[in-house]
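Structures follow.
First chain A sits with chain B, and in the next complex the same chain sits with chain C.
Entry: the complex of A and B
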């Protein structure tokens, strides 16, 4: 008995001080019109990041208008009633700040990073473009060319992006996560003023938005300014409930081969349909986060051990899971075979390793190391509160609550080795999988 | 309605914010190593940045890629630990180590919790002093490097970069990728790696920055323990790289829908008296913002690209002025023509007073926003030391930007910008450009 206790004690002593959380940095509240606000304080430098997240992303687009969420994001930098086209960004720059925006499946977000005493100016302009954009036909035509070149750059010119697009489209039978965020080219080419304004009118409203302010700010002052600028905008009573077409049961393993002359390094990719984090119910997702780490999180992971060290089947292996999503997400694995190893052999080795992992379970020391790193990451995170802010924005826009975000580090720490194996058994279902081979074009002819 | 709003902004713009002073201390260790330190005990960790001048450029001509492969192997086994034991040890401490080799330097970035800093440093010391270069680790990492090189050879961005470098610098080490070639990396021996290790880690080329939960006395002892035993001198660093570029277009035929272009000509060294004028000029012409002339003309007005940029690239041994753009094969010729026109307009006319003012406000206002984290500040401090800047530079830097006049910019634009000497390397299947010469 004594021996066990002393081992436990040693393990506890090795923990950093920070089983502590960073919750004390965070204040949150809701404006009368329904706009949610999160403030993350860091007073080391007089800098602020001001973000507005809309609960509207590419998965909320009407059928046939893929890419409109992202197109609209671009168009929000054009004119409003009071700002000329480009003036918002020019004003941010003239004040020494930088601004940008991004669109994902579940959200669209706009941000500025600037000296802390310019927060009011940022709110005034961001609140303005929430409801007052004024687009011209010329904006539509020119900016549509820009997003087409963006798709060329990100996707058409990159066989790995094209391959990922095919993987997603094959995974989702009925959900919009199967459609690329940037849109299908043939639909992007038809996007027009009505598409953009339709999406804008439906989703851009304070009751569908989250304000996240991080840096050298006083939460009471943020509240005062937020009430003044965002609080003045009426809620949209017609905001639709966020319901999307759901996946039916998956019943058949799917396979695809994507061949492209530009591929230099073939690889095999495997995706399984996986549950996401849900409000008050994050345990399964937490187990999958740790499964991805244990299985494919780097040099000491199980796949690396089996495929890169014990054997030299692969030059690279990895497992990935991002549970912050509104609907069912994916658990993914990638194996890049060594020279002379076929994709078939690489895939077989991957499957054998995963089967062996489920049999042998999690090495306790490995789990301890991962949890130690997760705890330490909360300390390192305080050096970059903008990332903490992004964490809140992404989670709240994906259907989670402030409490879920604050519970998350604890939920991760409570995952056991048995939970991880159970999560693996649940998610590794061939009938809910897509296997893809990315190949050089000439190989595929055989 | 637009005007009143604008004038309100103009008022706000006059007063730039006060910002926290970055208090840098110079620490000299008992054994004579100098480091710059920003003490900040608010978070219990320290960021440490260590750089060795020379980088991949010190590779001998017959073993290109040795420094890069050596650097990649530092965390793949050291002392009595093999690669996996080393990784497990780092994970146990939640220490974060990064090892990187570029043309001009090898850098080691470490973030360590205060509670186990000594153990983390002991581990890092092994990686620097006693990497094992085990044969199986060499082969494993070599395969990864070769896989990356094979991918680069089929990536239009990498092809453009590599062809441009070769045209710009020829046989100088800057003329070829620091990762080496498939042939050179395949041929590297363990001895080549040992030679690269000896040539890289020496005190005559060492720069150190630290930020975080550590005192000057602690830092002095730490860097002595970590670095004082290194040899005094390392491998010779090559001489200056002559810029060999001439004006024109080089097309590399590559079947892909969007052409990728890199363009540029000779640049201006960082220690040149006109560097700040050139820096302000570039901000107006093609610096990162949406408001630059290139972004306005190529993207905002014509929708020819998602992004077009220009940037000064002053390296230790040679300076370039570079830019990049990507447009569909059918539209790249127009993008290139617009860029040439803008280059010529800036060379002939300089910039307007309003553009000068906006660029200066942006650059001076954005500067303090860079100091936004321990690791970033450590990086900036080491770069300052390598450039020979004084320790009080941060406090004087904005005054140097503000001192640039419209006349300065006109003079520098006329001498630096060379529209006829601009070389474009285009990878893709561009329409309406001269026949491929590559």
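Entry: the complex of A and C
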């Protein structure tokens, strides 16, 4: 039922969105209890996407309780004062809709996609579980086993996930982005009722939530319903400031080797600490989005040209950047070597290509092509969850504003070739990097 | 005035202590308010060492407040209800004694060394500042500047300190031992009155403290005084459990390169995650102490023999292990290459020597010689702070018992050559290692 956004996946999904904001009809306001509301009208079909985003993700968890944000997300499908366990989802399904939830570093979100005339029912149920969950010890035991099994499936059984986890933990010296969203297994095993209710009591409150409704709705009617259902819930006066530990200066290039017998295809991964989108200040992030595209965004990218076609040292290359985050994020590159090419050779070829790129600069034609792609609607096909409501909710939960979301396509289009090279020079800092080699166990070196 | 125990220093200082415990006269008891008391009689000179240890160090700090344990240590020399700022130290000095304090990962300790007949005065003042400090905003501003300057002097101006800091941060994926005791600069700069008083209010209480008195004292009299001064302070009923986040499995060998223009002498450092001394279960730690000695404990060690004398690839070699810690610690090796030898060659030679050591095993004569050294009193000359009171206080604050302290010399003596090799095989795990190269900036590689 639940989905964890992995770093790599998030990077892929975060491909820039452009064009359509000009015709987005957005209304935003704040309820008296502090709950932020964003309504995006889209009358092409009689459906609605109803989402509640909490400004609380895995990076907000208390130390020693990694995984509790995601654990609680599971538990919100259990009983409340008025709903039996599982009744919310069953009701959504019985009304022809679908519902789900997801947890990331910076937020936890719950949503239903359903016929527009069912919006009131959705709000009634979602508002109910914001404040009225009633958990049993059996729920705790059962769902803890479910998340442990989820970690087994997604992480323990997947050497690439384990590798990414070690890369992140090595990148972040002080920030909780170094802790996996799903949690460290040994801490997940200790999660209990107190952990879950502690997180719920601290963060699940209207003054820490964002309601996003998109689709065939009237903003005035959404406001009336929101005031009726969410407005009735008192703010939490003890809501803590969002404490995020910052990174100290990174001063040493780091490397790691992850060797696992299950690895079929070794590769090199390189991460650099990178700035995120900041409210009113999205230019650097936009340049990094374009850099990722120009450098490793597909078969016409610079890395592909050099490593996959010219020298054929690689069978795959990629560059990734997800700027929608509350705090410093990463710029990542991956090179999968061709048969007979060592990881050392692949890495050297990657570094040489990046250096050449910085010397050469961006081809104007390629940049135009990428910007056109950004504007073109087919880009959305690459991102099936990143709908309008998602885009607003994720940005707002990550410290951005509605204006930032609306500016973003323009900011992206204004990036120049020089901006991209400047962004590359700024982010390519060996002392703020982690280089990882994913290897088959039998060829492992120290 | 203050001293930070750095990891390397702590490792060096932790050289094993043996022999003399058989004639230590130790009395230990617990006051009604939960304060633990250890009295060690030593009537050779009319002096006393009076120490109060708090089970609260930098690894117990709230996230985002790194350095607050050490900051508070400074602030405890300011005013209380009955003492003016600086009066405690001035009083100690006026009575012919000396006083100081220190902060480490697992504890903060305050001590006076003074004529035995002044013990009551020391207790009165130490008990006073356990509960009655009165800080001004001026104290906060002044002492924050002092600790920042201390970090500038000890860390920022010292590439080896910066290198060690990055090594630790890279080693620990989840545990606060990865955060420097003195704090990250950007967090130290934000420490305020609330941070200091929050830490004080949470952890400075008799039920979180250990009183250690050694010297020319009568245990019954110490008890009477302790009950009078410390016994009058109520326990903190809200004292939290000592929450220490544990490491997840280490799965990837990590490396880092720290390049700095100020580095005169490059070297290779290797750290492995290693178990600590556990109550009633000190054998593994004892084997690692002996391993460090056999492998890199001086000019007759295996690494010195192979790398400094036989092949002359190194001008210095060393191995270090400090097992007195609450949680997993590290086993460390250092090789400083000779002129003309690269760090790569030095590292390869180190790994080859360690592999050869594991194959060859321990020479019985060398082991006997080391055990004899452990028993010999000259070992204490290498450790001018690790007096009797320090030894008990540090062990008790690190989760050990009086019996563990007394058993420790015997446990060390019972380690066999096979135990040492087994310990080496267990701790030398590439996937739980960090290898660091400290380099001159101009020869840096990525």
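Keep in mind that, in the parts below, the second predicted complex is superposed on the first by the 410 of 446 C-alpha atoms of A that agree within 3 Å, B and C clash if a C-alpha of one lies under 4 Å from a C-alpha of the other, contacts with A are read in each partner's own complex, and residues count from 1 in each chain.
Heads up, the rule we're going with is that a residue touches a chain if its C-beta (ideal position, glycine included) is under 8 Å from a C-beta of that chain, and two chains touch if they have at least 3 such contacts.
In this text, all values refer to a predicted model and were calculated from it rather than measured experimentally.
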- Query: So, does A:132 touch the first partner chain B, the second partner chain C, both, or neither?
  - Reply: neither
- Task: Could you say whether A:370 touches chain B, chain C, both of them, or neither, answering first, second, both or neither?
- Result: first
- Per residue count on chain A, the busier partner among chain B and chain C is B
- In the superposed arrangement, which partner chain does A:311 touch: chain B (first), chain C (second), both, or neither? neither
- Message: Just checking: does A:118 make contact with chain B only, chain C only, both, or neither of them? Give me first, second, both or neither.
- Response: first
- Query: Once the shared chain is lined up, is A:360 touching chain B (first), chain C (second), both, or neither of them?
  - Reply: neither
- Message: If we overlay the two complexes on their shared chain A, which of chain B and chain C does A:252 touch? Say first, second, both or neither.
- Response: second
- Please work out whether A:82 is in contact with chain B alone, chain C alone, both, or neither, and reply first, second, both or neither. first
- Query: Which positions of chain A sit in both the chain B and the chain C interface?
  - Reply: none
- Using the touch rule from the top, collect the residues of chain A that touch chain B in their complex. 14, 16-18, 44-47, 77, 81-87, 89-91, 93-98, 113-118, 121, 141-150, 152-153, 156-157, 261-265, 298-300, 305, 308-309, 312, 315-316, 336, 338-339, 365, 368-370, 372-373, 375-377, 379-380, 382-384, 386
- Item | Sites on chain B touched by chain A in the complex | 1-2, 5-6, 9, 12-13, 16-20, 40, 42-45, 47, 83-84, 87-88, 91-94, 96, 111, 113, 115, 139-140, 143-144, 146-147, 150-156, 254-258, 260, 288-291, 296, 299-307, 326-328, 331, 358, 361-369, 371-375
- Task: Could you pull out which chain C residues touch chain A in their complex?
- Result: 63-64, 66, 162-163, 166, 169-170, 173-174, 176, 178-179, 184-187, 243-246, 248, 251-260, 351, 430-431, 433, 435-436, 444, 446
